[in-house]
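Look for chain A in each of the two complexes below; its partner is chain B in the first and chain C in the second.
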Partner chain A sequence: MKHYLDVYKEFISTNFSVSLSFRTSFTLLVLMDIFFYLSTLLTIEFIFQHISSLGPWNKEQLMFFISFMLVIDNLHMVILSESFWVLSHQIKTGDIDFILLKPIHSIFAIFFRYPRPSSILNTFLTLGVLFFYGSKLSLDVMSWILLPFLVLMSFSLLAILEIIISTSMFWMQEGLGINFLRMQMQQLSRWPDYIYSKMARKALLISFPILLVGSAPVHFLLDHSEWEYLIGVLLANVIFFIVMVTLWKMALIRYESASS
Partner chain B sequence: MIKTSLLTKNFQSYKKAPGISGSIKSLFKREYLTKTAVDQFTLEVTKGEIIGLLGPNGAGKTTLMKMFTGIIVPSSGEISIAGHVPSQREKSFRKKIALVMGQKSQLWWDIPAMDSFHLLQKFYEIDKKAFENRLEEMGQLLGVMDLLHIHVRKLSLGERMKLELMASLLHSPEVIFLDEPTIGLDLIAQENIRKFIFEYHKKNNISIILTSHYMADVHALCKRLILIHGGQKAFDGKLSTFEQILGKDKSVSFSFRNEVNDHRVFEQFNPTWSENKTQVDLLIPESELRNFSAQVLRDFPVIDFSTDKMPIEKVMKTLMKNPQILNENL
Partner chain C sequence: MTWNIQKWLQTILISWSNFTTYRLNFFLQVIGPGLVFFFIKYNLWSAIYGGNNTIVLGGYTFRSMIQYHGWSMIVLLLCQGMTANNLSEDIRMGRISNYLIYPMNFWEFHTAAFIAFEFLQLFICAVTIGLIGFTSLLGPIHFEVLINAFCYCIFVSIFWFAIQYLTGIIAFWLEETWTLRVIFSIISGFLSGAIIPLELFPTKLVEVLSYTPFPYLTYYPVKMFMGEVGFFPKGYLILGVWLAVIIIINKIVWRKGIKMYTAAGM
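Right after this comes the complex of A and B.
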């Protein structure tokens, strides 16, 4: 574990060095993130000026869900996002070769290699929004204690599912379509599970459980009797982690590198 | 240290007709082709040995290097490197090897090399003291101490290559794979890199496999040479044996004061004339060298004359054009 933490510290350090070399780009990325977070929250505010509830949740509950997803999104931006976008290019050009030689798990070396320093600044903003809406709902002590754990579990499930999708790039080479598919899946998780039709909801909770990322933990935090959601998130993490590792091994066997 | 047996790698690709119609057709129906890049390749390299792996473009050299390092998995056959099977990608294996590719970089472009070195230190779990010692030692030997804090994108190709070598050797690997480490470098830079590899090998007694298109690299560093052609091993032996593969002919060059019009006397020795016909390169059997040279010196206006054993470039060039010679001579 120390090995991984040491390497990750250097990933952050080197990416800071790169990001701060391009100051305007760095500032723009910070502003764009803030714009995205504010526009998401304002959209919900606007919707609730015309309705009093969306499905079983009122405005505060939905805002709590949205802010929970903003935290997940921010973690995704900070830790993973950049790496997904460069993977296809790395596979096509063979740039991944040197990464595969490093004495560390290749999933870690590939998907955690490009943390995005500009998004770290906004982590405080998204956490602040989550605590704000959490306190508006008067969450109980257990919910506050479980909140960080559930954020991490949700983030890890999202990461696992996206890595599974991205692994197909080893077969398809071209990653643009895969990245759009990945983004669409992420988009689906940004709305509560109950807005989807019965069939779609079932598929997205069980077969490819992207809806467990946000909806499941928030359901449980709002109502502890819905414990099946909690179990669902935990089980999905374990099962899909195994699927991810198995597929990854197959992908590396399939990998052909590029001619030099 | 390195052992392979009947190593084979097949790649699949598909044929595509040019233009939009070709692209649309290939969307629905593809004609797949299987190309054997490496074909039943068997090799044994002992500890401390440095061998040159030669062959034309597309012969399978880089594919072999990638199988040796575990980047790609062989279609069939066996490999063992320092007691490990590369395709299993064990952590301990990856700490024992290093790969340097002249056409690819592992240094981050937008930051100084020192930042990349720190990252490599963490990757390979190199003790701080050992890391500093190795940086100092290699930095001095390569003369790059003042380049460590400059952004990589600002460096020349030769400077970058030196830093690439440092990056690959920081963790003291036991086996090094050098894939065209001097490609694109000027003569001085090539010589510096060769000198460094030579010194490093002498000091550390590691095994090295080197591929290069520059025969000077092979001459300076390797006693043993392996020729790969069409994915198959075509020659494996001493450099001196390779040089005599076309017989004990001498390479002789004559320069003349004036243009030579009568070429008949030279025809029997495979002449290569300069554009202005004032210089000719010949391949003369050792037994005839003395008499023929005396005849030319007597009958033609010779201003310069040199002889050499068959240079490796000439052997390679001839073999690349006529690979069947290998079968006839071995």
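Right after this comes the complex of A and C.
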């Protein structure tokens, strides 16, 4: 574990140096995230000027859900996002050869290699928005204590599901499109599960549980009697972690270096 | 002259074949996002209206809201190309040196690729309209309305191409230009009415927006497809002025950028 932490420290430090060398790009990345957060929050704000509730949730509850998803999105931007885009290129050029030779697990070396330091600045912003709407809802002490764990659990589920999607790049000649599929999955998770039709909801909660990422923890935080959602996220993390590792092994067997 | 047309035609054909080589990739990159976006919006508005067609929000019943978003999907498919995405990489990796000795210059090559992409998009949109036109999703479709809206959309797509071209050639100075493209698409996605119709926005904001290009990129083309706006000289005029400004900026940026280009992969 210490070995992995040391390696990760080096990843962060290298990426800090790189991103600070290109200061305009660094600033634009920060701005890009801020525009995204603003447009997401304002969309809900404008919709709620015409309605009083969306399904079982009122404006504050939905805003809390949205801000929870913004925190997950920010974590994703900081830790993983960049690596997915690099992966399709690495598969095409055969750069994965060098990663496979390293004495660390290839999933770690590939998906945690490019943390994005610029997005760390926005972490405070997203956390602030989450705390703001959390306090508007007067969440109880247990909810506040559980909140960080639920954020991490949701983020881990999102990461696992996205890595599963990305393994399909090994079976394709041009894997770039897979990143767009992955982003569409993120889009689906950014709205509460109850807006989807019965069949879509079932598929996206059980077969490929992308809706569990945000909806499950928020349902539980808003109403502790909905504990089955929590069990759902935990189980999904375990089951899909096993699926991810199995698929990753198959993908590496399929990998044919630069010619693939 | 014949040689010139041949040159353009061949480049268009090559670009067409480049786009369609990896078909699944093309589907996931270009068509998939529009479909998922529509799927989410359909579900969202279904949940908001609760299937009740008598509720009216911002002048929209459930049916007209879905029609709005159905046409918005077609407009996004038709107008927002991705041909200029590789432009910045061409500059950064020093690949534009090739264009400097080709009998076709940089903007001509990318414009030809854009034309190929537009033909492809027109075909995809025609098929999509043909397929979902049988349902009530898009409402009644009239030939003259379609032609009018298609013509305007082609104008909008030229504007998008000019913007993407500009964000691409900024690569003479910037390491990563995709952020600029994403920033513009986030802002325009929101302010153009692609996410929610402008009737749901505060009135004062809509007034201010009417001087910007944003409402003319999605909201008005959608209204044209819905038959609520006919021939639209105001849209052509305002977007035309913005287009002219962007073309001038493009020329200045290119002239300044090419002077500092070292062909070494900057």
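Basically, the second predicted complex is superposed on the first by the 257 of 260 C-alpha atoms of A that agree within 3 Å, B and C clash if a C-alpha of one lies under 4 Å from a C-alpha of the other, contacts with A are read in each partner's own complex, and residues count from 1 in each chain.
Assume a residue touches a chain if its C-beta (ideal position, glycine included) is under 8 Å from a C-beta of that chain, and two chains touch if they have at least 3 such contacts.
Bear in mind that the values here come from a model prediction, so they are computed numbers and not experimental data.
By the touch criterion defined above, A:H50 lies against chain C but remains apart from chain B after alignment on the C-alpha atoms of chain A.
With both complexes superposed, C is the one of chain B and chain C in contact with more chain A residues. Once chain A of one complex is fitted onto chain A of the other, the partner contacts of A:S25 are limited to chain C, with no touch recorded for chain B. Once chain A of one complex is fitted onto chain A of the other, the partner contacts of A:Y255 are limited to chain B, with no touch recorded for chain C.
In the superposed model, A:H3 lies in contact with chain B only, and not with chain C.
Contacts of A:I195 after superposition on the shared chain: chain C is touched, whereas chain B is not. In the superposition on chain A, contact of A:F180 is made with chain C only, not with chain B. In the superposed model, A:D140 lies in contact with neither chain B nor chain C. Counting contacts by the rule stated earlier, no residue of chain A appears in both its interface with chain B and its interface with chain C. Listing the residues of chain C that touch chain A in their complex gives 22, 24-29, 32-33, 36-37, 39-40, 43-44, 46-48, 57-58, 173-176, 179-180, 182-183, 186-187, 189-190, 195-196, 200-202.
Residues 11, 62, 66, 69-73, 87, 89, 91-92, 94-95, 97, 99, 101, 103-104, 106, 108, 110-111, 115-116, 118-119, 122-125, 151, 179-180 of chain B touch chain A in their complex. By the touch rule above, chain A contacts chain C in their complex via residues 22, 24-25, 28-29, 31-32, 35-36, 39, 42-43, 46-47, 49-51, 54-55, 172-178, 180-181, 183-184, 187-188, 191, 194-197, 200. Those residues of chain A that touch chain B in the shared complex are 3, 6-7, 9-11, 13-14, 17-18, 21, 94-95, 97-98, 100-104, 106, 252-253, 255-257, 259-260.
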